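Multiple structures are listed underneath, in structure tokens.
Shared between the two complexes below is subunit A, which pairs with subunit B and subunit C, respectively.
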Partner chain A sequence: MTTRTSLEPPVAPPPPEVSRLRSLLDFYLTSTRLAIIRNFQYRVANYFYMIGMLAEPIMLLVVWSAVARSRGGSVDGLTPGDFAAYFIVWTLVRQMNIAFTPAAWEWRIREGQLSGWLLRPIHPINYDLADIGGWKVAVIVMWLPIAAVLTVIFHPTLHPRLVDVLVFAVAIWGAYAIRSLALWLLGMVTFWTTRVGAIFETYFAAELILSGRIVPLKLMPAWVQRLANFLPFKWTFGYPIESLVGRLPIAQLVGGLAAQALWIAVGSGLVALLWRRAIRRFSSVGN
Partner chain B sequence: MERFRPARVAWLYFRIGLMNELQYRVNFLIQLLQSAIALGTGLVVIALVFSHTKELNGWSASQLLVVLGIQILMGGVIQSLIQPNMTRLMEEVRLGKLDYALTKPEDAQLLVSVREVRIWQGADVLTGAIVIGIAIARLQHGVGLVHALAFAAAIMLGAVMVYCFWLIITTSAFWIVRMDQLVELFQGVYQTGRWPVGIYPTWLRFGLTFLVPIAFAVTVPAEAVTSRLHWTTLLGSAGFAVLLFGFTRWFWTVGLRHYSGASA
Partner chain C sequence: MAHPSPIVDVADLRKTFKVPEREAGLRASLRSLVRRTTRQVKAVDGISFAIHPGEVVGFLGPNGAGKTTTLKMLSGLLYPTSGSVTVLGHTPSRREKDFLRRITLVMGNRNQLEWDLPALDSFELNRAIYRIPQEEFRRTRDEFIELLDLGDLVRKPIRNLSLGERMKMEIAGSLLHRPQVLFLDEPTIGLDVTMQKRIRSFIGEYNRRHGATVLLTSHYMADVEALCRRVVVIHHGRILFDGELAALSHQFAAYKTIEVSLEDGTVDLSGYGEVVGREGGRVTLRVPKDDTSRVTARLLNDQPVKDLLVEDPPIEDVIELVFAQEVVE
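Here is the complex of A and B:
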């Protein structure tokens, strides 16, 4: 046993050099876990929110089922059971598509939130991705009972293979990543102009029609389907749903994941580029 | 003169709201754009549906256009006159600021229902009216005077019922303080009004008629325009409106007794 005689404060040894990737991983695990815990506390609020979002798919499901029945049971090969499967899976994919809304960027800049971010060593998009990603985990768990109830009511025709389930499990996170990047890009426009409402509205309208949100893209005119292949929207919405319900050939399943990877790469590049230019225009507000 | 006091109070607040809103004229353009985009997507869905079928549960494309027009119009009424008042009421209950309204020498329910006006949100009323006009022009048969009157009555009754629905839900804020998700919830459910409630399964049709009175607010007026309204439906609509209004009044007074304020 030794006693300290010097009055100098004990100095901790320098932390071991950790790789950047490992610390980022650690950051993700910790923030995601915190977000999961926090969101399970607000179960009622979350359910309210999720139930409010059921009106749209139920409406579309009922309408398209009515169309199928008026044509003697199916429209372009899709039966009411197929529509039920499509729109029930839709409800989960819709949740996965929720990311930080571009409209709130104005608030983010005005309130000086960025000032704090800029002092930290990692790119701020990671905060959004980790935090909202954790919320997604909570949402997926809370979605299961909703899916069960919808299944009992609407009798979906759903016989996925194992590979469909696996691809779907990856594709919903790919969808989340693409949409997060896209909305970040849109939101950052706020650095240049505050009249952004019109841009957002136009983007969301295009997305609504070209993503497979209002109807399986298969029922769209052929030129719309071709156009949708070259835009990001389909890969965040229609493709994940169809990967589970559409019995797509393996080539299309894998091709879809590749398309998602491509859009993630493009989106990440653009976010990195635009962010560097954007913060040059940012004049800090105290925080 | 005393008898018209509620109307005079409402008119006064309407004028104040109007003057307030006229300062922000650019908002009208933004609203108009939003209105146009919402209409555009609504039309795309109808066009898609009718590219695959000739009629939907007995409704033709033009008749469904009437439904869409009324849904947009009623949405404009809700967003410009009803919803702003109700969100303000919720907020004031939470913050205890409702005291200011309660101490005024006027009926509290009247006051909390007329204080806010968002005229630019009324762009939807205009858009809806235009859509209804176009749709009627495309209908095979015209709209007779009786049906026009029935339409006017039905849409008025519908607006009253939606108001009652909102006030009942908002009054719950006296017990359950946080009601933030409610606006979103209503807007989600209101979308279902784009289609006649007859296409929905029974349980949902019941909910959209008696729990959230969308059937009375949109489908019944649309039935009047498309000459499929039976007079008993209109009578039922009037009866339910009276019942609902009475209940709302009673529920409001009960709720008010639970309000303890937060000032002082």
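Here is the complex of A and C:
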């Protein structure tokens, strides 16, 4: 039997390296699988959560349909059926927009969750993306019956082409990635000030107007539409919805995916840059 | 025999925190709007030590002594203000992946496992994070399940486990990647005696099987006595003692205890030393260390002694003495 000594011990060799990409994929698959299991376990709670979030789009749908009817059946070419399609798809895109909120960063630091992740040989954003991404897989499955009920009630005008469906399927995940990166950037402000709430509210107000959340962007003034093209908000909300319901030309569909890819690249770069400084600061002040 | 190079090497390590300071009340609050006052707090104040491969070292000190801050610097969670640290040849604050794959930091009051899922699922996540090959993962996991007597508990959601069971899972999960260096911060805090014993025997077994190096903080001296031959005592951010646990008593304890069993337990023994306990026929005396042999001889000559035991004072008392001495200085 071996005993504690000052002699060189039989140090266990570190596990052999698997290719970096393969192990990252393994991590994403494992983490996503666990998130799906966890969220199906809480399916009733998730359903209540999703139903609670229906109030906003139904209210907007009812208001805009009433406006359309009062104007002889359409607003700028959008009929009540178009609004129904827009806001029913909205309900899924809204779910896809949910990411780790900046406000929760303070909790994450205070409870030591961040320290736990810093001790692991993987960037913590991977955990957030995989974990909340897994939740979304569960949400999409649970959303289907809700969409069916809304369709029966509101009669949407929705005739997507195959290409629209394919682009939409990619665009909702692009939207999720962009918003996750944006909220991570906001959340990291916590490392310098705990008052991130005010900054988040400002971001949220801009997003509300410029994303297509309260109204399809085509109903906004031309200058707002132009401005929205140069900001990330539209690519997380209005664009994914339009890609399915708007019968956009192929060039616009592909252009939208390219814009999403650009914002993901910009967001990733900024997160990488800010993360290094944030961690340096966190490590200096500690928790 | 030449000493192997240290696994943990700490030289003149310091950590200072800037802490905001303000009096209570509205006036102080308004004043702080224009003039914010801060205070520098030295959490770790120039400590140096080295730990060699396979050593299990107890890191002792009262609350606020700088133990956790030191462990955080050693594991890369905190940047030192000055001084140098190397662990396994790495500078921890760089948090290189190769370094993180070879260490673990277990904090008794923190939970890193998935609350709503069975531990088996969390273990699976750790396998993916640490890139543990499947075969090795299964072998290590099963070994830990057996050593920690986890049985079917690994199939229950973490939220349904008791504190002690959760801690066992936490430790198993933290060691699945078979780290070479373990930083354990109060791993048995709040646990009952049986669970403490189980966890400390597991740590000892892991150290023996894998030759791991362990730095352990604990307020339970039983942990330290069972696992650590060497202790480092820290207080107010400075090291007061670094050496063999046995030497701590020799250096700091000014007395020994003598337990005497007599035919007649009512005999007055106050002439031999301070009577600190009496139970049936057994009397406990506290005597100055230098007088121990003389008092023992006198007792054996003068009294009908059935049994006699000379002991160093309990390690808790010695540690208390160390801290008290530092305060006097």
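The rule we apply is simple: the second predicted complex is superposed on the first by the 266 of 287 C-alpha atoms of A that agree within 3 Å, B and C clash if a C-alpha of one lies under 4 Å from a C-alpha of the other, contacts with A are read in each partner's own complex, and residues count from 1 in each chain.
Note that in this section a contact is a pair of C-beta atoms (placed from the backbone, for glycine too) under 8 Å apart; a residue touches a chain by one contact, two chains touch by 3 or more.
In this text, all values refer to a predicted model and were calculated from it rather than measured experimentally.
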Once chain A of both complexes is superposed, is A:115 in touch with subunit B (first), subunit C (second), both, or neither? second
Could you look at A:48 and tell me whether it touches subunit B, subunit C, both or neither (first, second, both, neither)? first
Would you sort A:125 into first (subunit B), second (subunit C), both or neither based on which partner it touches? neither
Regarding the shared-chain residue A:104, is it in contact with subunit B (first), subunit C (second), both, or neither? neither
Have a look at where A:198 lands relative to subunit B and subunit C in the superposition and call it first, second, both or neither. first
Between subunit B and subunit C, which one contacts more residues of subunit A in the superposed model? C
Looking at the complex, which residues from subunit A come into contact with subunit B? 45, 48-49, 51-56, 58-59, 62-64, 66-67, 70-71, 75-76, 153, 197-198, 201-202, 205, 208-209, 214-215, 219-221
Parts of subunit C lying in touch with subunit A, wherever the complex brings them together: 1, 3-4, 15, 17-18, 52-56, 69, 72, 75-79, 93, 95, 97-98, 100-105, 107, 110, 112, 114, 116-117, 121, 124-125, 127-133, 136, 177-178, 180, 207-212, 229
Quick check on the complex: what are the subunit B residues that touch subunit A? 30, 33-34, 37, 40-41, 44-45, 48-49, 51-57, 178, 180-182, 184-192, 194-195, 199-201, 204
Provide the residue numbers of subunit A that touch subunit C in the complex, in ascending order. 1-12, 14-18, 23, 26-27, 29-31, 34, 37-38, 41-42, 112, 115-116, 118-122, 279-280, 283-286
